[in-house]
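Several structures are given next for inspection.
Below, chain A partners chain B and then partners chain C, in two separate complexes.
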Partner chain A sequence: MTARYNRLSTLIDRNFGRIAAAPAIAVLLAVSLFPLIYTIVVSFQNLTMLDSDTSFQGFMHYRAALFDTRLWAALGHTTLILVIALPLEIILGYVLARLFLEQLPGRQVFVALLVLPTVLSPIVAGATWRLMFDVRFGPVGQIVSWLVGEPVTMLWTVNPTLVYPAILICEVWQWTPFMFLLLLAALSNVDQGQLEAAELDGASGWRVFSKIILPAIRPVLVIAILIRGLDIFRIFDVIWVLTEGGPGTMTETLSIFTYQIGFVQFDTSYTAAISIMVVLALTIALTWALRRVEALK
Partner chain B sequence: MKSRSRRQLRLTLRYLAIALVLIVFLFPVYWLFMISFKTPDEIFSSPPKWWPGQIQFGNYAVLFKDGDVIAIWNSITVSFASTAIAMTLGTLCAYALARFKTGGENLAMWIISQRMMPPIAIVFPLFLIYVWAGLVDTHAGLILLYTAFNLPYVIWMMRGYIEDIPLELEESALVDGCSRWQVFWRVVVPMARSGLMATAVFTFIFAWNDFLFALVMTRTEVITFPVQLTHYMGGQSNFWGKIAAMSVLGSLPVMLTVAFMQRYLVRGISLGAVKG
Partner chain C sequence: MAGLTITGLHKRYGGFHALKGIDLTIQDGSFAVFVGPSGCGKSTLLRSIAGLEDVDEGKIAIGGEDVTDLRPRDRDIAMVFQNYALYPYLTVFENIAFGLRSRKFPETEIRRRVGEAAEILGITALLDRLPRHLSGGQRQRVAIGRAIVRQAKLFLFDEPLSNLDAKLRDEMRGEIKRLHKEIGKTMVYVTHDQVEAMTLADRIMLLRDGRIEQEGAPLDLFERPSTGFVASFLGSPTINLIPGRLVTRSGRSAVVLDTGESLDLPAQRAKLDDGERPILLGIRPQYLTRAAGTLAAGHARIEANADLIQPTGTRTFVTSHIGGVAVTAELAAHDVDNSEGRIAYALDMARAILIDPSTDKVI
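== the complex of A and B ==
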């Protein structure tokens, strides 16, 4: 009995790494690989809400997706939000980090307060801004009226010229503190001696930034951009609450579009094909990006 | 003397700037809380009132009376169960990755890339499988989903924390005749305690804050609070009181996190890339 137990325990010990890793890997595979294979199969069939045609259709849906203007528009909307929100968050986050960098009494509390929006559920953030933007009962319209000096009616979530500003305000409000927090950590690690030496030499502010600060914070900056970039790429919650992709399909992002065709129109095979394409494109992009990040270290 | 008064001035200006920033960023949160304490008459007054006439909990009472708080309860159970499972499986896997280099760098990369996939691309395939397996609108289904979604995060974070533990402790435990299993439980887990706590809290928050998975995978039985929140919003009429009260209830746990986990916040949200 004990001999057998000993043999078993040496066996476990010898393969401990594999045994310890197995359950987690199994769960990950079950939830990623298995559905992926199933989806590939479905994407070559022709399943819709009304039709359950499982015959092989070749690349029909993939070809259709390439010529789907609504899909490309959704990709465009996503990119638009990305290229405006991300730089704004970085710049604002950097400015705020500089403001909070020096030790001040009460600094820790201020930082904790400022970070609050970032940890809220995006749905709560969206709901909060819906309350803020409401045309009759919200304070934003009122504030703007004060500033302009005359009553203005702003339909933030309906008016085509205001929907993007509304989404961007909510997005930037929630995630600037994220950038702020990471950049604050990065800035506190910049070599103070170097900064003082540069100041003694009379180096200009821009030279100090580009030669000392930027190289020092670059690794953190890259990570922050990667995380936020991917998050904005899949933006869903905030838009769902504020505009549901509307008016029309004006603010439809990739995630909203996929949700609409998959779970509202039930274009099953078509959605499957688009899911596969997104996964493929992102896997390639991510592998490339992660290699670059690893190379930075 | 002159330079001292200039320093004073600079300090005052900094405080003013900080105050301004905090007002801008916290005003929406204030607005949310304030509405949750207002009476319907005050909520629907135009122009809006900037502070409630009196603090009253009517909006919260309605949530309890209508049974809507079940959504908070669902969020708690699902987030808690998935966190417990993800932490157990994930920490074991992280230990293997950190100490045995199981699967090498490629496995680690695959795991973190799973985290970065957009949920929308995964959720549709999963939905098809869930329909087939009868897991839609079940606690088990949502728990499994959050477990899988959070596993890469747990593995990635815990690998970092375990790598920070000095190897000598484990070696001496092995020399003393401990099995690998005992080393894991008696040396690694206690040593990584603070990292475990921080990771668990963030894992909980990620599950807690999720909307898309819950929207797709729940119907009536397991509705979590973000999904419940969207039920209060209509094209014409919005239940502002309920929206605000439910939002506050759903935000309290994450606010407590910031208060108590500030030291781990940077590392937690940067996927361990910034040690803070």
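== the complex of A and C ==
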């Protein structure tokens, strides 16, 4: 009796961690693994608003997606925003962080003020900028008119040459402070002695940056790039508020496109197929990126 | 010639006056040590010489050239930092070569010089490693290698041994001294450790509260301190300071302790004016010996209980109460029996240091 009781208690002792974690794992599986599998299943069926055809359709939707020029255009728009906004945010964030590294009077207050945009909900940021860009009431048009010296009409959310600048301004305005904050923390950990040694060694600014500062902040920088990269890849709110993907489909990103066909056109199975493809592509890209990060250590 | 001259140097941090008028000259090729308790300004002074701190007043000249307004990189100075400040993502080779590469030396010259420096410091086998794979002592050598490879005019050391354990510290101290002999450059060394100061220096500058309290050759400072502060800072164990009065009657002086014992000073140390004044009798532990039979000239005899006996092997430290304070005597090990109760000491009054307690000056 006691022997059996002891066996049971050692079994519990040994697996206590697993037992304790089991409920959480179950919840996680229910809310993430189940929807994933369900989405995969749906992507091979043909569910639309009018039809609930659950028969196996093979790779029909996947093939359709590969030849969908609107999808490729959306991917192009997303990539365009990514490759412009991300480097801008990094560079501006780095420059700001370098400025704020010195012990300035009132530094904390300025840092707090600078970080405000990041605290806003993106939808609020978008709405605010929409007002800022407004043709009749917005201050942006007024300021430009005043600078130029004559009334200028700038249709920021409609004019094809201005929509991307508008989106990028809003995006960079909101997320540069995030980069700034992370880089400020990373930079304040750079060893002061090493910088002094490099100064005595007569190293140029670029050499100090590439050999001392960059290696020291690289781990933080990589994580920041991953977080912001993924964030921009799924950019939605700001554009939705500013242009709703327009004019036409000119600023339609992957998220907006998926939303349109999923929740406006209710092309459910096609949406599922696109989602799965995006998830696959991102998983491959992320795994590759994380491997590279590991290799750096 | 690359001596160092500093005149009227002041440095303030807001309201804190860190350096209050430093004047000093360090001869070309000599080894100078700034020593003092923490907060005395010795590191600030060193960093000012390097140009890592701006100074508020005064001039700094290296080899006759005024460098006060030059950037650190233009002063032709090499420095070894307390925490080594090695570049963590570069190999030992690249660490040592960093300054040469920054100054665009040709590759063959870099290889030759780094090889030579590594040879001198015995780190040739470590050249491909990263700093984090090195021990404290090895990192220290790399830091020194990075300094010597540039063949700068002036070498600065900021407490370079304070992060090492005692044994390694002794070893590296010897190496730094040997290195100075070998390359013969002017070196300025900061430490709070008086043993390092005594063993390394040609000349010690003892700092206190942003001023140079006294400067001179190590043994001069040790034997002839100008203040009680200098006397108690140098020497281990610390000098004994016994309160009493200096009494002079008809050309003969004696120190009368607060507990009543009278210790005669030798004739050549007598004070001329009759009278008496309060005094601190400074006597180093090694000048308290065992009184045997007749006293040697200039010695005074005093008996006390041995409160604490600490043998170290070669020497034994005995603590007794004399004149109301704890006094340490450093005796030869075979002179003392561990169970001894009462000991008769002979105080070498010719070596005694008399300090005015109100001004801290030696009289």
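Definition applied: the second predicted complex is superposed on the first by the 279 of 297 C-alpha atoms of A that agree within 3 Å, B and C clash if a C-alpha of one lies under 4 Å from a C-alpha of the other, contacts with A are read in each partner's own complex, and residues count from 1 in each chain.
Convention: contacts are C-beta pairs under 8 Å (C-beta built on N, C-alpha and C of every residue); 3 or more make two chains touch, one makes a residue touch a chain.
Worth saying up front: this structure is predicted, and the values here are computed from it rather than measured.
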Query = When the two structures are superposed on chain A, do chain B and chain C clash or fit side by side?
reply = fit
Key: chain B versus chain C as contact partner of A:264, first or second or both or neither   = neither
Which partner, chain B or chain C, touches more chain A residues = B
Request  = Once the structures are superposed on A, label A:147 by its partner contacts, choosing first (chain B), second (chain C), both or neither.
outcome  = neither
Ask   = Is A:282 contacted by the first partner chain B, the second partner chain C, both or neither?
value = first
Message = Given the overlay on chain A, how many degrees, to the nearest 10, lie between chain B and chain C at the CA centre of chain A?
response = 80
Task = Could you look at A:139 and tell me whether it touches chain B, chain C, both or neither (first, second, both, neither)?
result = first
Ask   = Who does A:295 touch here: chain B (first), chain C (second), both, or neither?
value = neither
Message = By the touch definition at the top of the document, which applies to A:50: first (chain B), second (chain C), both, or neither?
response = neither
Query = For the overlay built on chain A, what is the smallest gap between any CA atom of chain B and any CA atom of chain C, in Å?
reply = 7
Task = Would you mind listing the overlap between the chain B footprint and the chain C footprint on chain A?
result = none
Note = Residue positions on chain A within touch of chain B in the complex are 9, 12-13, 16-21, 23-25, 27-28, 30-32, 34-36, 38-39, 42, 96, 99-100, 102, 104, 108, 110-124, 127-132, 134, 136-139, 142, 173, 176-178, 181-182, 184-186, 219-220, 223-224, 227, 230, 233-234, 236-237, 240-241, 254-255, 258-259, 262-263, 268, 271-272, 275, 278-279, 282-283, 286-287, 290
List of chain A residues in touch with chain C within their complex = 191, 193-194, 196-204, 207, 211-212, 215-216
Request  = Show which residues of chain C lie in contact with chain A when the two form their complex.
outcome  = 50, 52, 71-73, 77-79, 81-90, 98-99, 101-103, 146, 150
Task = Show which residues of chain B lie in contact with chain A when the two form their complex.
result = 11, 14-15, 17-18, 21-22, 25-26, 28-29, 31-32, 35, 43-48, 50, 89-90, 92-93, 95-97, 99-103, 107, 109, 111-114, 116-122, 124-129, 144-145, 147-149, 151-152, 155, 179-181, 184, 205, 208-212, 216, 225-226, 229-230, 233, 238, 240, 243-244, 247, 250-251, 254-255, 257-259, 262, 265-266, 269-271, 273-274, 276
